[in-house]
Every structure is written in C-alpha cells, then in structure tokens.
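Here the structure comes first, spelled out in structure tokens, and everything after it is commentary.
In order of appearance the chains are A, B, C, D and E, and numbering begins at 1 in each one.
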Amino acid sequence: MIIAERKPLEDIKQMIAQYKKILLVGCGTCVTVCWAGGEKEVGILASQLRLAFRRDGGELETLEATVERQCEKEMVEELKDKIQQVEAVLSLGCGAGVQTIADRFEETPVYPALNTKFVGMPEREGLWIENCGACGDCFLDRTGGICPIVRCAKGLLNGPCGGTNKGKCEVDPEKDCAWTLIYRRLEKQGRLDLMRKYYPPRNFQAVVRPGKIEAQRV
Amino acid sequence: MTTGVEFLPCIVAFCCVHSAYQAADAAGRMRIPYPENIIMVHIPCAGRVDTLHILRAFENGADGVVILACHEGACHHILGNIRAKERVERANALLREIGVDGRRVEMRTCAPNDGSRFARVCHELEEKIKELGPSPLRKHA
Amino acid sequence: MVNKSVLVLGGGIAGVASSLRLAVNGFKVYLVEREPTIGGAALFFCCKATEACNQCSVCLVPEKIAEVKAQPQISLLTNSQVAEISGQVGDFSVRLIQRPRFVDPEKCTACGVCAELCPSQPNKAIYLPSPQALPYAYAIDKNNCLHFNGVECNICSQECPFGAIDFDRSPEKIELSVDAIIIATGFDVFNAKEKGCLGYGRYTNVLTGLDLERKFSTQGSITLPSSGKAPQNVAFIQCVGSRDVHIGNGYCSQICCKYAMRFAKLLQYQHPETKITIFYMDLQTAGKGFGEFYQQCKETIRFVRGIPVEISEISPDELEVKYEDFIEGKVAKEIFDLVILSVGITPRKDSSNIARILGINLGEWGFFDTQDHLDSTETNVEGIFVAGTCHGPKDIPESIAHGAQAASKVIQTLAARGI
Amino acid sequence: MARSFKETLNSGKFVVTAEVAPPKGTNLKKTVEHIDLLKERVDALNVTDNQSSVMRFPSLGTTVLIKECGGEPILQMTCRDRNRMALQSDLLFAYTRGIRNVLCLTGDHITVGDHKEARAVFDLDSVQLLHLVRTMESGKDFSGNDLDGGVEFCAGAVVTPEADPIEPQLIKFDKKVQAGAGFFQTQAVYDMDNFKRFMEYAHQVDRNIKILAGMVLLASAGAARYMNEQVPGVFVPQDLIDELRSAPKGTALRKGIEITGRLIRQIKEEAICDGVHIMAIGREEVVPDIMVAAGL
Amino acid sequence: MDEVKIGVFICNCGDTISKSVDLLDIRARLEKLADVALVSIGHDLCSPQAQQAIRKDIIDNGINRVVIAACSPQLYGDALANLVEKAGLNRHLLSVANIREQCSWVHPDKDKATKKAMVQIRMAVDKVRLQDVVEQAEVEVYKDVLVIGGGIVGMEVAIELSNLNLRTTLIEKEANLGGRLKQFAALYPLQVTPEEMLTSRLKQVTGSENIDALTSAGLKDLSGEVGNFTAKIRKGNEEISRNFGAIILATGYETLFLDKVYGFELGDNIITQSQLEGMLKSPGEIKKIPQSVGFVFDICDEHSRISTPSTLRNALVIKERFGSEVYVLCRNLQVDGAGLEKLYQDVRNKGVIFFKFERFPKVLRENGKINIQVEDLSMAREQVMLSCDLLVVEEKVVPHQDFATLESMLNIGLGPRDFYQEDNVHLYPTSSTKSGIFFAGNCHQDLDLGRALTDASNAASEAYQLISSGKMRVEVERVVVDPDKCALCLTCLRFCPHDAIRIDYEKKTAHILDLACQGCGICAAVCPAKAIKFKDWSDDQILAELEVV
C-alpha cells in the first residue's frame, strides 16, 4: 500500500499564496488508510488553511471533494464542475493522483499536499514501515520472505556487512539488521543453503524508470 | 489591548455526557455561578471529538476550546479521554503551525458529582483565555 | 410479568443495588428509607480524584440512583421506618410509619423558590437533601421550621408555584404484603468521641474521615478549621474504633486505610507542600490496583508503624501527638497542625431493635449474622436477607456486589418455592 | 624493488602489513613520510578508500605513490562510491601502474560519513567484487566482453571474527573464500581464545587460506571502552581495559603499544594465523615501536 | 425526507426561569428561525396535563422534530422520550436544552443568561434538524451461559445460574473440577471443611441437568457478540461448537515461587505454602513431624489477600494437629476480610508468635536447621535469632498461564499485574469492557473466599439479568458504516474500546455490531474516510451546533 505524509503547512501555504478559491481533493484508498489524504484530513487541512489565511489577514475560500481513487481518469472526471469554479487544485492524493488530475485538467494548476514516501505496511495503528522498494526483480524467495533490498540499508544480497552489531543495523541502532532476521528465519526453516548461495549483482534496470507494464489482452 | 469594552472571551467546551454535563448539573444545583460565555457542546464521550470540530470552532470565532472529559481511568469507554488528549495535542500542533498560541486548546477532566471543581475549571479557563486575548482567527468585520 | 414483591429496608448503595437487580427481573420493590433521599452515606462522600481517578467508586452512587429513577417497578418510601413485621416467606405483612415530608415529591420540581424565601436562620428549614437526591424534591426540617415552633409562617407554601407544600401532614401508617425482605440498613461511623484521649470534639483541628468527606464535597478543598489556612503538616491515625477488642470492635473495617491514602494523595495534589504522615498498625493494601497506588503513595507520604495513644493541644494550630515509634523503639512526640482520625465502620445503633422486629440474630460484633458463613446473605429467618455494610464492613463496589447477591438469592429462593 | 605481497604470503613468512590513511586534501607530505617510514619494515601497506565514508585523497592515487616510493601497496576498494563500470576501469588502471594487491570491501554507509546526502551506489557488494576481479583475470569484463590486455591480482577481503551473531558472518566468509579471496585481514581482535575458535573454523573451510589478524592500537582506556560500545564486532576484554586504566598518567600510549606488541608476539609464537595487519589509526609513526615491542 | 417541522417547548418551571431568562424575547427570536413551526412556553412541562398538551400540539401541527428547553434531561429524559414516542415520533427525534440547572440557576445577570439560553436552544434546534430516526428492535438471544474455569468460583457461578434455571456449560482444563479447593487443608475463618464444601458443590453441579460440565476442555475460538457468541470448545481431541448469550470467566490464579527474591532454593526443610497444604492434606506424606515451623511472607508479594489467610489457616492447623512451635514473620497482616481479625486473635491465643519486620529477614541453612535472623519491630529493632526445622515461604500470585491466549481470543484487555478487567471504576465489580462477558473470583481481583463467593453470585446475576428474558432491546443501526466510503483500513476496529466492530469481507466494509456497541462514537471520530455516521451525534450535527459560536 502506498504510504504518504502531509507536507508542512508552510510549504502548502507558499504554493497557494496567490489564490482566493481552491479545491482540495482527497483520495479514498491508500492515503485514507494511512491517515494522510482521506476525507477527514481534507476537512482538517481545508479548515487549517482557511484559519492560516485569516491569521495573515487574507481570506481563502475552499471547496472539498474526495474521489474513490485519484489515479483513475473516470473518477477524476467527477471533479469537472468543481474545478471550473476554482483557480487551483490542492490534491491530497499520492503522486499518481496529483498527476492524473494535472493531466486531465491542464488549464488549472494542481499542487501536491502530500509527500509520497514508500510502499509499506502498518506495524501498528499509526506507524507505517517500508518493506518493499518496488525494485522490479523480487528477491523474497531467496530470503525466506524478508526483503534485503529495502530493509538492509545498503541493499546487500550476500549476507550482512561488517557494521551489524547485536542484530541491529549500523545506520540506526533501533533498526533490525535484515540479514540477521533472514539468518534466524532460514535457520528456523532449515533452509540456510539459500543464504550460502552466491547471488550476482542485481539488474538495477529491471524497471526502466518510469515503469510501464503492458498486460496481455484479458 | 481591550479597547474600553471588556473583552469577553468566547469559549467552546466539548462536554462529555458522563462527566462534564453532570458536573454542570451538580454545579447548578449547588448554585455555584460560572462564566456565561462558555458554549457547551454535548458529546457522548470525549473520544467523539474530532480535530476538525476543534478547528471549525476556531473558524467560527471561538477564542478558546476545551474538552471536558472523565478522569483518566474513569472513562465509561475506557479509552475515550486518552483519545481526546491525543487529539488535543494534534490540534495544538496544527494551531502552532498556523502561528496561534497552542494553549487555546486544552483538555481538563472532572468527575460527575464534583460541581465545585467544574465551576473552578470554568473560571480558570476564562482567566487564561482573557490573558491570551481575542483570537486572531476571528472573522474580520 | 412477575407478580412478586420485595421489601428492601434501607436506601443505601447496597439497597439500591438489590432493588435494581430485582426490578430489572420483573419484581415489584418497595424501597424504604429513613432519610428524605436514598443514596445512604456514600451519597455525601467526595470524589477523591487528583489528576487521574483513584478508584474510590463514589461516583457509582449517583449513577445507580439515576438507574433507580428509570425503574417504575421501584416505589420509594422515604422518611419511613419499619414498625412491625410478621408472616413468613411468600407472605410477610409489614407495617411502616412514614414521617411527613410536608413536600409532595410528585409535585415539587425543586425550583428553589421556597428556599430563597424561607426566613429561618442559620440554615433554611426547607432544603434539598443533596444535589443528587432522589426523590429530587425539597423537604422540611420540622424542628428548624418556624411554622412548627409557634410562628405563623407559611411563606413557602404560599409562594410555591406548584402547590407542593402542605404543613398539616401527619405520620402515616402503611401496610404492605411482600414475598421477601432484604435488610440493607448500612452502618454508623465510629463515634471518635469515645476515644477521649485523641481529643476529637475537644480540639478544633482533630477531624474524622467523615468530616473530611463533608468538607471536600461542599467546599472542594480543606483548610484548618482553627485558622482557615492551608494545612502544612497533617497526620492520619488509622484503626480508630477498629481492631480494638476493648471497645467491642474486634474486626478490621477494611476501608479506612484506603480512604486515608486517597485523602492523603488528594491533599497533596491540592497543596503540594503539605507533609503527611500516616500512623498505622497493619496497612491494608490489598485490592484491585491498590498495591500500585500504595507504591506511589510511599514516595510522597511518610508511613509510621505505631498507633498514637494521646493527642494534646498546645495551641489550636499545634497538636502534639504522642506515639510509640517501633523503629526507634521509644515514645516520640510530634507536632501536627491537622490530625485526621480514620474512623471505621460500626453496626447501627438501632440494629438491635431492627433485629428484634425481624427476629434475626446479631453476630459477635453487632452486625446482622448470616446462616452459614458461605452464603453471606441468608439470615436465620427464611425469606429475610441482608446486604451491604449492615452485615459487615464493605467498600462501595463490594456493597453493590453483596446487594446483587442478596437479590439473586431472593429470586432463587422464591423460584425454588414456586412463588 | 620489494618482494610482491603474493610471494611473501606463499613464502610462509610471518606477514606484517600496516595501514596508511591519505589526507583530506593534496598535501601528501605526511603520507610520504609514513610510506618511507614503513615501506621497508612491513610486507605491504594498505591504503584506506574514503574510510568511514569521509571524503579523502583517493586510495588509487596513494597506492601509485607507494609504488613510486618502492613500497608494496594493497589497494582497498569499496562498493559505496563506484558502480561496476568504474570499479573495472580503476582495476585496469591500477594493474598498469604495477599494483597487484586489492582488498575488496562493501564499505561503510554514506550516512555515517561527512557527505550524508550523497547517493550511495552499492551496485555490488564485497563478494560480488571478488567475483568481478576473478572474471577480469579470465580475460573478460563483467558483461562477458573480451579484454584487450588482461589483469592479474592477489585479491583479499575482510572478516569480523567476534561479530554478534557470528554465524551469518561465517556464511559470508565461506562465500568470499569460494569467490577466490587470496587472503583475509580481520577486524580488531584482542581475545585470543575467541580468535583461535575462528581460526579452527577458517582452516576447516580452506586449509591454505591466509589470514592476518587485525591489530588496532588502544591509545587509552577511553578508546578501549569506545571500541567496545561503538565499533561493531569488537570485544576488548575487561582486564585489558583495567591494565590501560591503571597505567600512570601520560603513559597510556606506551601501555597500548606494549599490549599490541604482546598480542602480536603471542600470535607469532603460537602460529595462530599467518600474520598481522597493524592499524594504528592516526598514529602511523608508532608502528615501528609496535613491531619492536612484538620482536619482529 | 419530509419537510422538517420543529416544535420548541420551553418550560418556565413555575415562572422561576423567567425571573432570570427573558423567555418572551427568546420565543420571538426562535419563531424567526427556519423550520421552526411552533414555540410554546409552558408553566411546568413535567406535569401530566402539560405533557398531554404537548402531545396534542405535536399531532395538530404535524411536528416531526421536538426541542424541549427545560431542566436537566437526567430528571425527565426518559419521560420526555416516551412522550415523543406516544405522539407518534421516533424517540431519537428529540433534543433537550437544559436552561435551568445550566443557565438560569447559575447566571444571575439577566441579559447574559437570556443570551446563553438563546444559544443553548439555538444549538438544540440546529442539532435536532439533522437528527435521524433510529428504530428499536428486540433481538432473540441465547439463554445459555459459558463458564470458563471449574474451580470453586466457577462451580458456584454454574450452580447459581442453574438455580435461576439458565443452561450453563462449565469447562475446566484439568481432569476434574474443584481447582484450588482440592488443595486447601482448612477454610478458616469459615468453619466448614474443604472436603465438605467440595462434595456439596460437586453434588449440585453433577446433579443439576442445567449444567453441562466438560473437564479437560478449553476454549479454542470465540466469535459473535453479546447474545449470540459462538464458542469452539476443545475437549480431548474432539471439538464442540456451541452458542451462548453470555460468558463468565472464573479462571482463578496460580502461584509462583520466586527464588531470586528469596535468595535461596527450596529444599526438604524449606517449602512453599502449596507444598505445606499438600502435606497437611495427606498426613502420610509427612516423614518427620516438625518441632518448630516458621512462616515468612510479604517478601515477593506485599499486597495479596492470599498469603495472610493461608498462613493463619495453616499455622492454626499445625498448632492443633502437632502442637509444634510456630513463628510468623511478615510486614503487614492483610486482615481486611470477614472474620480474619478474629482468626488472627485465635491463632495468637493458641501461642503462635508474630514478628513484624521492615527489612527482609536473613535465612541461613545450618545442618538441617533453618536459622532466621530478623530485626523485630515490636521489640524495638532488636535482632532476633530464630531456629526452626521447617520454613514455609509464600508464593507470588500470578494469573493462570494461558491468560494471554484467552485474552487475545476474547479481546477484553488486561488490568494491573496482568489480571483480567481493566482498572476502571465503571467496570466494578464484575463487568468487562465487552458487554456480555463477566469475571468472577481471583482471575480479575484479589479476593479471599468470602468475597469470591459474593463475586460469583454477582456475576451470575449480571448474566441472568442480561439474557434471562431471551430477548434484548437494541437500537438498530444507531452507528452505521457507509460501505461505499469505507476503505477497510481497520482503524475503527483497532480503536473500538468494546470490540464491537467486525469486517464484512463480502460487502467489503466495516460493520458495527448493534448489540455490542455502547455508543461512544470513537469510531466515528477516528474514521479517516468519514464513513461512519453516529445518528444521534453525527459530524454535521456537531458542526451545525458550532455555527452558533
């Protein structure tokens, strides 16, 4: 699931400083689940912006809308009449959402209110961690289901670096060293041979940016 | 700063039905006066207040917002007052981001049969908001 | 619907709990209460929360009373006492005497007009028994009201917008026939004056736990009775009237250690600079979450093992407490500006008379005795049960549980006898 | 011309190597002094490659300098700063300047250095780098194209004998040996029993693998405590720390040298491994004293 | 939605409110508000005739939303809701403004009080305009109760329920019922002996056809909500699935000997209370009658109601049976149970010597004897050396081992020291955070035998009260999830304090269990997609009320 986080208010204010009337668009899927861009956050950000503008002596009129998925052209189409009434759009979707709106309504400037961070999962409610780097060449079959590319700071494929200490990573003493976790799981499953094999360097161009997938006709 | 006419702060109080509302009744029965300009919005539990409600209260011109909940460990719904405290902290952060004094949002606790404490809390709140002055977020004339 | 009826004698928290449990299960309940309002002693206790709740359970009482209000099955007979009871289980006939309240609870809306106009000093003759009273109506205190002391005054009855006040009411006899009886007549606080050497009643700054409850629930804080200043150095003395065979109380009242520590915490929350000492024999710190509470108390409160034997007043603000300090092994003297006697629970003075009326026997220390110790509600008379502190010391949740147990035993006994 | 490091390794002599850290600039004066001081005394001189991700004068440049001064350099290469193309072209250049020894390292993470926002490459890791060197020696580049003029190196790697947990390290050690590592220089070791246990394992994997025990000079008790807490996989026994602490004021360095000397003499006499790699980080000038203290 | 017509009924409470609140001015201003069809001021709304008049007004003017501005809803709340219902409206289309206790009684200044009363009534009008109908319904519920734990408390609960003729299933993980009762040597201060009590309870349990006792059985899985729980019970290797209306946990406690705290291991002359009780229970086991016995407690667990009574009991049994010397060392005697103080006096009169310590006593083993060095407070801190040939030490009271798995299955939260039941006043004495699940005995509180039996009876009657009628009244969809908006993010499920939310994977939405929901509204506030609507306190109602600021 895509995890995003709201930009600081200062940055958002600068983006829309010159506008009097804007439309805030939320997205009902990933960013709702990670509490960043759902209908509730749209309401809170709109209210905060109105207060901020009033604090600086100005006035801001806001329209609010939340589409089911911002990365679908048909769903973004529903914003048509609201967009006509505003000078700019502030999108609370992930990067894909912002660009779907920008591509569809080219005459109206579209601004991102969130920073799309990573593909991840909730460790507990309110705390999300990255556990997939979308590298295009999944390695999980060889490590018992723990991704070294994302969860090891250096993305190593052949075992831990010299910097691991008591199972923790050199970069952050709180973070587990992925290879220690892999070692323990493979040992538990009796599949340490997987760790003993040599793995050649990764194909870093497995996903030529920007990625594209052409599905066979269904 | 108050130009002659005495600044009367407008405070919105989200009152939990299980504690603050009954404490207000108890204060009433003991005829203990407290400031009139506290607008009491009743909620089934302190956990029902959303950060949006707090911000909207400021948009409508409130000078201070308070959530009056049960004491910690005495909430009918166990976690209601703890959730409310987290939301007040978030509202504080949002207000500071806007450049407004975060102390305008606060959470206080009281017991349903403690009328005198309810009145005391209301007076303290009014003093504090008077000291902070009118909210810069009021609608312009 | 069940056409069985039960008499619950005593409207304290235990009686209320029994009545609620019976009413919800379809029983008709006559809740008889001596005072003008139900709620018993606990209704006048104060909330002992500091920044967090300290689990004193006092706020459960108004909650349960609100539930009684919502139960049409329960009819309240306040200001009344039992005169005579006869018959056996399934067919008790009860004669009650109801002292006049002079205010009709059905009509009175507690609007307060009468109290404003009442001329009697120092406190009004017509009053609201408590902010959370039920029935929520005013009552007239006969010996304080001018009307009954030879003065032609009926201002309140004329001014009452609802015509609720009627002076010429006389005590009424009420006859009832019920299937079972639950006695929940509660307790009396130990009269600290019996311990003359501790100076209660003689020295202004020696108070009991009950005085603290009253002061906190009315004023919300405590000041020295002698000077009105905030207390600097407070002493709590435990086991006053409990665990003392000489005065006939060979039992632990169970609640004094708990309320003493909660008061100590509340006092220090309001006046952080106050130093507090608790003199104890054996600290009763068992109970849900109370061990952890005691650990917190240990950080800020001084505990001294040894019960003081004598208090003498040097000046109203200086009380010299003489006690045997086990740690140093010598008799020590210390000055405090406020001393609280943690008085315990004792049987009601009129419990022997009630026992006579009902024909049930009293236990060793004057509480009502129960059949076999395993079932702590059935008395020696079948169909008569006991609930709450009239059977022995209990705190509020335990009284509620005991009341519910009595109610459950009533349901089972009557079900067993096919009534 | 000094004997090649490979011959020294195979000669069965007790091999001693040391380390030289290039400057953060172009003033090579001190580096040349260190090279001249040590080039005769030790069998080979390691040159660190942006150690702890701190940008410095390049390792390749320093090894060429050592060659010019007549020393036998070991080129250290990390995978942090160069991708597989840059690594191969650097190796071709090094070979042409007579550099025959290379130490393959994964390298510290970019965020522990002084260019925390730089892009870390890590195209390869140390094991893959060893495979790269072997592939080039077979006359092909890493994509299988023929080289016009080949190379030939004595490639080595590092290992942490007292890492916690140790098993993953040992698995990686096997991989490096299978990848053709000619020699190993270990992380700092002080507890000889632990090290002996590691050596037994190492000889099980490959009888004639050459291992040099890493010797880091302890300048004070504080430095020893720092090593224990901060440096991964290093375990300084308490008695050494006490020994350092009990040393009178100002003589802690002398005590450090004496300890390192004693450890080297023990390794030599008990033939625990094939030699030592002396790391006197920032105090290259005392290496001769250590060697004297070790009776080399 | 038919056109909204609001009726505002203001009570003057016998012309007392109009003394400090200008009701006529308020009425004038209210009549101008949109959707307000009728504003009437009554003398006393609580009187039966006034309520008749209101009902007539509602029907005549076709009012479909009612605002009552009078005294505290606590006093007449239900009566007013019934009134609205009798007038043909749903009882949720009512909003009350308390202009007596919270306005005229506390604000002496007339125009300020009038202004506040106007604000209060305006908010009630704005709120009632958006209030929804919430139907009430009666739901069939199972009249069976599951009792987990077959100790004395579990059996007592089952017996009580069967006397109230409710069917119960009693499951016990051991091979036979009785639990701790089988171990006790005596039950002082109660006169009855453990054997008598055990046999009487077993007879009643096996005798009653209402009780189905399953031994060496455990709960494997639980689903559903109050009124219809579905429990999978594993007995031996077979699995039984049954439905229940309520569940009562009586899993009791276990004891643990903490040698690190005591600083020495057990041996043949240092044993724990449970071991001593085992020996006293079967005298044959005692190889040598101990001449002097020492009891020591209050070291590893200072606040338990278990160590004092069991020590006093066993000291008395030893004194009576063997007449040996008995010493008791402790810090505080927990005698706050019925009859315990008297037991303490009896034990002392029988010659048992008590020592109170502040610092822990030192215990040394020397050639078969145990020497205890304690600084006795009652003799002015004098060092006292005791020697005895048997030392009985206390064990720490801990929850039964698989409390964690059971808790995660039932999802009811843990209280202090990992015992059940959160430490919250409103749950006392036996309720859990989830309606329909209750606790009895030492699994949630520290109880001596007398209190445990009261607890058991109370838990049984709580369950009886809940499901004995076989039906439960429920507010249908008072809190409802809009499936289109729900993003299945599970936030509401994780935040609900009463575990009243489930995920409906067919309809791809969260689903609120009406019976289990206790109406706190936390889910509505926390839902990131604003998909949850709490009909009595919805977001738009609260925001509408805030417009008055």
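As a convention for this text, a residue touches a chain if its C-beta (ideal position, glycine included) is under 8 Å from a C-beta of that chain, and two chains touch if they have at least 3 such contacts.
Quick caveat: nothing in here was measured; it's all calculated off a predicted structure.
Chains that touch both chain B and chain D are the following: A. Among the remaining chains, the Cα-based centre furthest from that of chain C is the centre of D.
Comparing the CA-atom centres of all chains against that of chain B, the greatest distance is found for D.
The largest tally of C-beta contacts between two chains is found for C-E.
Chain C and chain E, compared by their mean Cα positions, are separated by 24 Å.
With centres set at the average Cα position, the gap from chain C to chain D is 83 Å. With centres taken as mean Cα positions, chain E sits 66 Å from chain D. Chain centres here are Cα averages; for chain A and chain E they lie 43 Å apart. Listed for chain B are residues 22, 25, 29, 31, 50, 52, 56, 73-74, each touching two or more other chains. In chain A, the residues touching two or more other chains are 40, 43. For chain E, residues that reach two or more other chains under the stated contact definition are 74, 100, 105, 423, 425-426, 495. A complete list of chain pairs in contact reads A-B, A-D, A-E, B-C, B-E, C-E.
Chain contact summary for the complex, chain B toward chain E: residues 10, 12, 22, 24-25, 27-29, 31-34, 36-37, 39-41, 43-45, 47-50, 52-53, 56-57, 60-62, 73-80, 83, 87, 119.
Within the complex formed with chain A, the residues of chain D that make contact are 80, 84, 106, 108-109, 111-112, 120, 122-128, 131, 158, 160, 163-165, 167-169, 171-172, 174-175, 178-179, 187, 232-233. Taken together, the chain C residues at the contact with chain E in this complex read 21, 24-25, 53, 55-57, 59-60, 63, 66, 69-70, 109, 111-113, 136, 160-162, 243, 245, 250-252, 254, 257, 282-292, 294, 305, 326-330, 364, 372-376, 392-393, 397-398, 400-402, 404-405, 407-409, 411-412, 415-416.
On the side of chain E, the complex with chain B involves touching residues 72, 74, 98, 100-102, 105-109, 112-113, 115-116, 119-120, 123, 413, 422-426, 433, 495, 497-498, 518-522, 524-526, 534, 536-537, 539, 542-543, 545-549.
Residue ranges on chain E touching chain C, taken from their complex, read 13-16, 43-44, 46-47, 71, 74-75, 78, 100, 105, 160, 163-165, 189-192, 197, 302-305, 332-342, 345, 356, 358, 377-382, 415-417, 419, 421, 423, 425-426, 428-430, 444-446, 450-451, 453-455, 457-458, 460-462, 464-465, 468.
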